[in-house]
């Protein structure tokens, strides 16, 4: 059986379909293949939604495949759940970190394989000692008794890597490990990967960033729309070829952005502080202004208060102190409806829970910000036919794939849901747009379309506040970049004077550098 | 001449036929229980009495309809029963039905109605001619129980304490209990010793047995050494508690001494089985004075006490037994007004 | 005079606590596993019915207790299976289970004995167990003389505490409660834990139901039922105790104390007994308001 | 429209199950099954009296079912309908009693308004607690209701009781205030028109009015609705208020229609509104047949108890089983009775 398998790991003809909300079927993998040699760093590339994560989660036992076979170390591999995969030596670090925030590092490390005494009782001290010892042996400095929610994202990621190793992983799967890290942290991670490689471990590295692949990987596999498109040694491919494999057709993301004359101030934030649930001050005394005809990006490692800041601006979270002014009018105490009426529009990051209502129809989704205004309703009576026509217009304008506007949004794919949100938020009289990860999950053509749309809005004199984890997006689109670190703005950079580099932003993001007060005023 | 004979013959034949038909079909009875049978042993006794009456009269077994828990539906059920025309006599019970039965009796003047242990004067001054009402003097019961409790708490019985406190426990609040039974109980006890204090607990549930036990515990802690348990199975919890604490219980309506002879010293009885039987038998013989009310109590022997129970005779001191008999006699003779003056 | 009162308040408090704390611990397990069970009232009721019914047949208290636990577990598992295999909303199924428990027990009681209330005369009853020494000390005396299930309830609370905080099982359970995703990535089976938590809930509610009927050997049916709102109070207790079994025990003792207080005030004051009946529910609500206002804790893990 | 049809199908299945179950239970328990089945199924339709009583029993169920529907639509699990019904009826009855000398045309609307506002107000407390301290609506409404029962009963036993009633009940108010009977001699009263009017009103509110959209969006995803501009806190308050108000109305209309005073024990009209709303999938129109189904089972079992040997407990068992079965939506899917629309 497995005799003809020469690879360390081989996945053949893997298929997987999902059933989403409302039981719609989404095909994630349609016969994907993957071959990995021992002791290599193997990059799995592809666009968002290409099936990379699904393929790896099947390998790690988190998901069950519909069909296909997996050979690992020459044996046929059948895993029912993640702990069986761990037992086989397969460990995965997920993009969304899987740590319990209230538990200590040591508790998280041993979670699932807790050692106990004869009575089945856990001795926490012993575990901490054991974990500390393991950390020392691996040359890794972290307090085993620390609570996870006090750690930075980079540290948390390391905890997860350590967990995989602690559980004896020979094959380590890293799912987009760099997406939430700064440049410096990325370099750190790459050093670590090289160490593992030398120890003889095999690493599968999922990403959609080609530069990283060229930096660190030995081999690659490219997935597109659930199929394996190409595989081989890195050195056999040029960068251009790889991009072509990923994208299918070459599309340039270059966009023209002409600096505009600055207009009047539309939105200003004054001394804003925001606390999160646990009384932690997430945003500390922030002030800034947004002007007409300007795209302002907020950069920062996730978890440094950006989310809380925009939520406070949009009224989803009450600020502890400070004021938010739109056209010099105080909106601090308004509900989101009031803020929308003041001209704020918001594309949130969480499109499944916040940005859309999966149980509701598309029509109901797109009129949520204007249902009460004429002509959508007259004297309290809804004008349903008119609303339907409006929704149909958006469906065709934004190329949303849906049978009819009465269908549940939950039946749509992620990219289509994002289009629904963008369609709703941009088809309204706004002057201020807060766009949080606006291109996440979109294909390249759509990304380009959104970029052009955003620039068009800006050129019309609107102001856009952009929050994204994609550094290229920030550098390409924004006129001004604010960097947040631990709830404070540590840099105010003008992208129009001289082009800013990723490394420069990264230093601010990590808190290595910090601008003084005069520089911060811009 | 011939025709006269024929007419007489036919007349006799018809008469005999009608008589036999009536005799054969007999008056049929339906009983509406305002509540659930299980909660209340009284209702079970009533049904037994009615069945016995039917048996004696050689009639079909009476139809029993359980009202259930929806109080608002009793009246409708009574109307339904009357509207069917299938039953000659409809029997129902308690004060809470007084209003409904008067109303329905006026609606169906051809139908005969009987209300047992309900005060018809709650509903009307003028009793409809097709309605007979029999009321129990529950004050007699209360007085007897109170007198007994007073004697016990003052006695030298091993578990009777110094304190002059007696208890009463009820599953729920009822106007008839509040207005008649409890005052009579108090009077009975005060007739023994004016310093006796009555402590009452209401469970608020007919079915929550542990609540009954806990409420009893509180009473005993207050110094109560004997509790009268009004109907309701929830009070059964108190029997158990009394056994553990070493206290006494008085049963109500039915003889439950056999359940825990050490704890349940006596029970005030209502001989409702006999009473229902008698009423129905009179009704079957057409001797029941419809349109009137009867009040029965100790005097008629309907309210009594467990004088003859072997456990009672064995466990209760003789002087108390004598005093109780004395009290019962005075009640029967009308020498005592159980509700005071 | 005062001391026996205190004794009996303590005693009553503990006795009133038992069914509530057992049910609350049961629902705690289901809350951890993400399938919040509201059918506590129903599970206690079927247990109360079947335990005393089996005792009547077999004259064996232990068999009765097992039957009660079994009945409650079967009802719990039916909820679990309907939710798991038929994608039903747990909350609605739980309400259905409550209704069906009331209907079924009353119906069966009537079919078996012709009455919704079963009073068995010659059945063995749960006996009280006095603790030597303690039973003679004033004030502490209230701790003695309880049924075996009462003592078990305290022991179970402590065992649950150890189970939840010091065993792998507890770690897994808490992991699922905090983040199902983490459990999934670590190979902790959520379905298995949901199943086990329903076994727990069945066991605990079964005990809680048995303690209602076995000491007196009666089962009383009807629309409210013997559980008489204890299952709902258990949910309030869980809200107060959150995920710590000892806190749950403390919260249940508080509810038990209000119940004891309500009984005490009935016999010592002239306050309306009717109004005093509202006390445990009102106290639970007020406690929750104060607790939530102070702690700003998030509410239960149910999406309601 | 499709959801309406699938709700209707669901109801149809419920009826089917109810009938099958009833037959099975009767065959098991009755000594004369054929007679008992006949009485159970045809009893409620056998004459004007029974038919009228069945419809009359459905009137408060329709209204409380509507009340439950509107709260559940907003994802507010109002478990206190019975308590709201109670307190609303008490205040309404008291007012009707006090206003005995006023003309009917003034008293009835005022009393209904008061019941509505009191019931609604006691429900709105829960939504306030939720907005202020994130206290579970399910839990708080339940606890408030449980605390209200003894409170209301206290008044019916003491300060506002009829000593002649022989139980906890309020005195009768002026008989002239009672609703006119539609189908004498049965109980059926003109409250039916009010309840159907409310159904139509709430149909329009839920399907055509802005408020209905707001309630629906709040129920389907409150966070999204808030973000989109729906004042969710206010909508939740309104939904709870309307829900409790309808519960209060249900009680008071039943009093005006059939009893003429308030009785101090549970009618279960509030509780039964919950399964009715869920069976109807919160659709105001389907609440009517769902309530009729509940009423039919109840009255069928009562007829069975009167004319055959069925025990009345059977009704509760059948109602509970219908509800239990209906909860397992996937069951219908598994046996292929209704297909979900799917689109990729």
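Note that the chains are named A, B, C and D in the order they appear, and that numbering of residues resets to 1 at the start of each chain.
Everything that follows uses one rule, which is that contacts are C-beta pairs under 8 Å (C-beta built on N, C-alpha and C of every residue); 3 or more make two chains touch, one makes a residue touch a chain.
Keep in mind it's a predicted model, so treat the numbers as computed, not measured.
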Checklist entry - With respect to inter-chain C-beta contacts, which pair, B-C or A-D, contains the greater number? => result B-C
Item to check | Inter-chain centre distance, chain B versus chain C - centres from mean C-alpha coordinates, in Å | outcome: 37
Checklist entry - How many Å are there between the centre of chain A and the centre of chain D, using C-alpha atoms for each centre? => result 47
Item to check | Mean-CA-position distance for chain D and chain C (Å) | outcome: 29
Next on the checklist: For chain A versus chain B, what separation do you get between their C-alpha means, in angstrom?
Outcome noted: 77
Item to check | Multi-partner residues of chain D (at least 2 other chains) | outcome: 150, 153, 157, 266, 268, 311
Checklist entry - Which chain B residues reach two or more other chains? => result 69, 173, 204
Checklist entry - Where does chain C touch two or more other chains at once, residue-wise? => result 110, 116, 221, 223-224, 274, 277, 296, 298
Item to check | Pairs of chains, among all present, that meet the touch criterion | outcome: A-C, A-D, B-C, B-D, C-D
Checklist entry - Which positions of chain C touch chain D when the two form their complex? => result 38, 82, 85-89, 91-93, 95-97, 99-100, 102-104, 106-107, 110-111, 116, 221, 223-224, 229, 232, 235-236, 239, 272, 274-278, 281-282, 284-285, 288-289, 292-293, 296, 298-300, 302, 304
Checklist outcome for this item: chain D partner, complex, touching residues on chain B are 65-66, 68-73, 76-77, 79-81, 83-84, 94-99, 107, 118-119, 122-123, 173-176, 179, 204
Item to check | Touching residues on chain D, where the partner in the complex is chain B | outcome: 49-50, 53, 150, 153, 157, 161, 163-168, 185, 187, 254, 258-259, 263-268, 302-303, 305-307, 311-312
Checklist outcome for this item: Listed in rising order, the residues of chain D that touch chain C in the complex are 29, 75, 77, 129, 132-140, 142-144, 146-151, 153-154, 157-158, 266, 268, 274-275, 278, 311, 313-314, 316-321, 323-324, 326-331, 333-334
Item to check | Touch list for chain A against partner chain C, complex | outcome: 60-62, 81-86, 92, 94, 96, 98-102, 107, 111-112, 114, 116, 120-122, 277
